[in-house]
Each structure stands twice: as structure tokens, then as C-alpha cells.
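By letter and in written order, the chains are A, B, C and D; residue numbering begins at 1 in each of them.
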Amino acid sequence: MLTAQVGIEVPFQDVDLMQVVWHGNYFRYFETARAALLRKINYDYPEMQASGYLWPIVELKARFVQPMRYAQHIRVHADLLEWENRLKIAYRVADTVSDKRLSSGYTIQCAVDVRSGELQLVSPPVLRARLKDYL
Amino acid sequence: MLTAQVGIEVPFQDVDLMQVVWHGNYFRYFETARAALLRKINYDYPEMQASGYLWPIVELKARFVQPMRYAQHIRVHADLLEWENRLKIAYRVADTVSDKRLSSGYTIQCAVDVRSGELQLVSPPVLRARLKDYL
Amino acid sequence: MLTAQVGIEVPFQDVDLMQVVWHGNYFRYFETARAALLRKINYDYPEMQASGYLWPIVELKARFVQPMRYAQHIRVHADLLEWENRLKIAYRVADTVSDKRLSSGYTIQCAVDVRSGELQLVSPPVLRARLKDYL
Amino acid sequence: MLTAQVGIEVPFQDVDLMQVVWHGNYFRYFETARAALLRKINYDYPEMQASGYLWPIVELKARFVQPMRYAQHIRVHADLLEWENRLKIAYRVADTVSDKRLSSGYTIQCAVDVRSGELQLVSPPVLRARLKDYL
């Protein structure tokens, strides 16, 4: 339904002393792919704030199948899985050259009303409107 | 069976433009707690490497219940859940003052033989020996 | 005149594939020491914002004499050097055990009026008042 | 003589709670530009290690003229300034759209013999050879 992909080259400082990308840094790459996806519906962070909602990540999971190394070229795919009550986005990371699957994961975000601070149990109309505009 | 806890103060640079800790930075705190736990059995990263095995993280999950803010004092508990075939460690983050639960998660690590690069389907004897020594 | 020191243990994820702390991560340690210093005069970031001024860093320099490694215990000293027109703080990093000098540096911050966005060529009265209260 | 430039979009997690890029993260962008420059002479980190030398950063300086914000497009120029005894590289960061200067800085690296651990007071022949090949 809604998907995006970005190309990334693993930077020096993301690699740890075991010569592989430190697991916490994968979320930098997921972040880039998520921004690309949300921009497709004109609802990246600045637009979220302008709409009166923040969308903090409330859950995430990742599986690391193959390590990633310095200067490796990777492709991160982001796919929108759920949007009715929360925003669930899945990620797949593959080596750009070999197309081998390297890792996968997901993030779940919930809308929070900026003024009241209240968690929304249903996605606010603005998200549906943006999705509808895109589709 | 094996547990550890560390106190951390949220540093300035871990907080994002929404005024809360960026989700990828939680793994910094989990890392500190995991190191404290593994040191109890004398099997932190340097000892892992010396033993001929690396233990890359192959899976992780986290749930973020309450946001964390700049200079907040938190306590991270790490608990060893599995060790026979892989190392599964659970984490709980609580506010130091209110004791309120802020987040939780787990990481799973598998042993990889440094020389052959082969993934071990059963934890190598060295881990069992270290655990036995401690218990 | 105004000085602070903090003890830090080098965390796993700050170390790069050359087995030493990546240079950009030193500013994490400087940040912790600077916060300790500014708290002594009750003028850390939250108090800065509340006072109507931000103090972005406009210049920094660092010299790296000896590399730092995983789990090394270090002590970071921060010293206030200038405050009349800008905030200049010097840092020295030493090994906790050997007391050997590892690195040094400084940061310069200037006050910016939150409302007008204007850079202040003279430190605002609030900084002088906080310093006077402390001394 | 030797110069490189890279285009970067400021990622979400590099921005701090004051809505601007945290100063320590600028070195991520310098790193990317430095890698682009060193690759032109086929002497990036893997080739350095293969040549028997590491090149740790021994000094750096940066000036921050204008803050950078989330999703801002920037261009980082790297210029080789010195190479005979050490590697000194200068950086300029400009806004891609307005071409306005945002920040500048430099890094100095010295060669260290991997086997002996000795600091080289003169750049090893391999660097001169790579530069000569390029020029």
C-alpha cells in the first residue's frame, strides 16, 4: 500500500570494535527509511507537529541475520503495515550488491495529542486524510 | 538467577527534538546494564573474545511505556533469562525517584566461533563454566 | 574559579573498529562535565531556557594525546575560563587509575535571546548573577 | 590539490532538544567527507590498515556559524591542507539551497605503525605514493 526504500552506506562511526554495526545504530537506518515513507504522504515529523500530534515509538523489534560492515552499501525497505489505530511500519535491510537479506524489524507508533498529552487509541483523522490523498 | 542493575542519568545528546530520548539510544542503557551483568560472571566482551567466541545480538525487542527526558535518573535492571543455547537478557527501566516503569525489552545473543565464523546452536562450555563459577 | 569533574567508564558503543573511542564521542564526555559545572551555578540547559537564553556552542577544539579503550575509567575536568562575553570552558581527560593525561579541549558558547534570536555580544545579567551567587 | 564534497540530509536523531544538530554530530558529516576524499587516493580506512598504518585523529577544531535543523540539506567540502608529516584536512559546511556557510573546521591525523605502535613524525611513503598516483 505504502512503501519506500533508501540506499545507505554504512558510516565509519556506526561500526563497533567487533567490526560490525552496533545494533542500536540500525535504528538510524530505519529512521531514514521511515522518514522517506512518511514524506510520501506529507506526514513527516514537522507535519506531525503542525497537525497537533506527536507519534512516539511505543514498540520495536529487530532481527539481525547477517552483520554489516564499514562502507557496505545497503538498501532499507519500509512498508506500512497498520494505520487505523497506530502506525506499524516493517523494515527489511538487504545488501545492495548481493541482494542478500541482512536484517528486518518493525516499529509501532501511537498518536499523542500535543495539547492534552493524551494517547489516542484510534489514529486521528489527519493520518487517514493524508493516506487517502496519496492513494 | 543472574541479575544486575545500573543507575544512569539521561545525557543531553540522547534527547531528540521532541524532548524525549530517541528510541535507538535506549540500547545504550541496555548495553551498560548487560555489561554489568556479564561482568558478574567474568564474561564481558574482552573475556568473550579471549574465549574464542563473539556473541553478536541476533534479536531485540523493546517497549516504551513512558518517555524519558533530559537529566532524568533511571535504573536499568538486567536479568538473564536463557543461557543453554543462546543468551537472552531482559531489561526493565524505571524512574529512580518514582520507581515508575518506563520501558522494557530483551536482547538475544548467539555464540559465533571466532576462527570458523560458525554460529553455535548450543552455548559453548565456557559460558556454562562461568555461570557455574558464579552460582 | 568554577570547576567540576566527573568519572566516566567508556561504553562499548563509543569505541570504533580501530578499538579506540571515536573522536566525535569525546564531546559526550565533555557534555557530562559541562553539565556538572553549570549545575554548580544552577544554570544547566533547563535553567538557560527558563532564563530566556540559549547558549549554542559556536566553537570547539580538542587534542587527543592517548587513545581511550572499552571499559577504561576516565575523569573529565571542566574549568570555566571566560564568562564576561561568552562562556569558555576547558576540559582535561585523564585516566582514573594512572592519572595520565589522555586529551584536552575547550568549548565556547554564546548567549542567544530566545525571543529575538539575536546573538548577545555580552553575557546577559542572569549568568553574572548565578556566578555571583555561587562565589 | 585534493578535494571532495558530499551531500547530506540532517537525520532526525542528530538533532537535540534545542532543535539544532548537537555539536558532536558534526563530526559524523566531516567523517563522510573525509572518507570521500581519502577514497580518491585509494587510502580510506581499510587501505590504511592494509598498509600497516593507522591514522588516529590527534587534533580537531570546529566553528559553528549557523545552526542546522532536521531535514536540512547540506554540502560538506573537504580539502587536503597538509600531508608531508601529518594529514590535515579542512571542512566547510554550506546549505545546499542557499549556499550559506554554516560551519567549518579541520582534523589532523598522524600515522601510527600498526606493529610497533610508534607515532610517525613523517608521513610514511605509502601516503606520498597514493597522492602521487592521483596527481
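The rule is simple: a contact is a pair of C-beta atoms (placed from the backbone, for glycine too) under 8 Å apart; a residue touches a chain by one contact, two chains touch by 3 or more.
This structure is a prediction, so every number in the text was calculated from the model and none was measured.
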B-D or A-B, whichever has more C-beta pairs in contact: A-B
Most widely separated chain from subunit C, with each centre as the mean of CA atoms: A
Intercentroid distance (Cα basis), subunit B paired with subunit A, Å: 23
Centroid distance [mean C-alpha coordinates] between subunit D and subunit B, Å: 33
Overlap residues in subunit A, where contacts from two or more other chains coincide: 12-13, 17, 24-25, 27-28, 31, 45, 70
Residues of subunit D touching subunit A in the complex: 11-13, 27-28, 31-32, 35, 44-46, 70-71
Residue ranges of subunit A touching subunit B (in the complex, touch as defined): 17-18, 20, 23-28, 31, 45, 54, 56-65, 67, 107
Residues on subunit B engaged by subunit D in the complex (per definition of touch): 12-13, 15-17, 19, 22, 24-25, 70
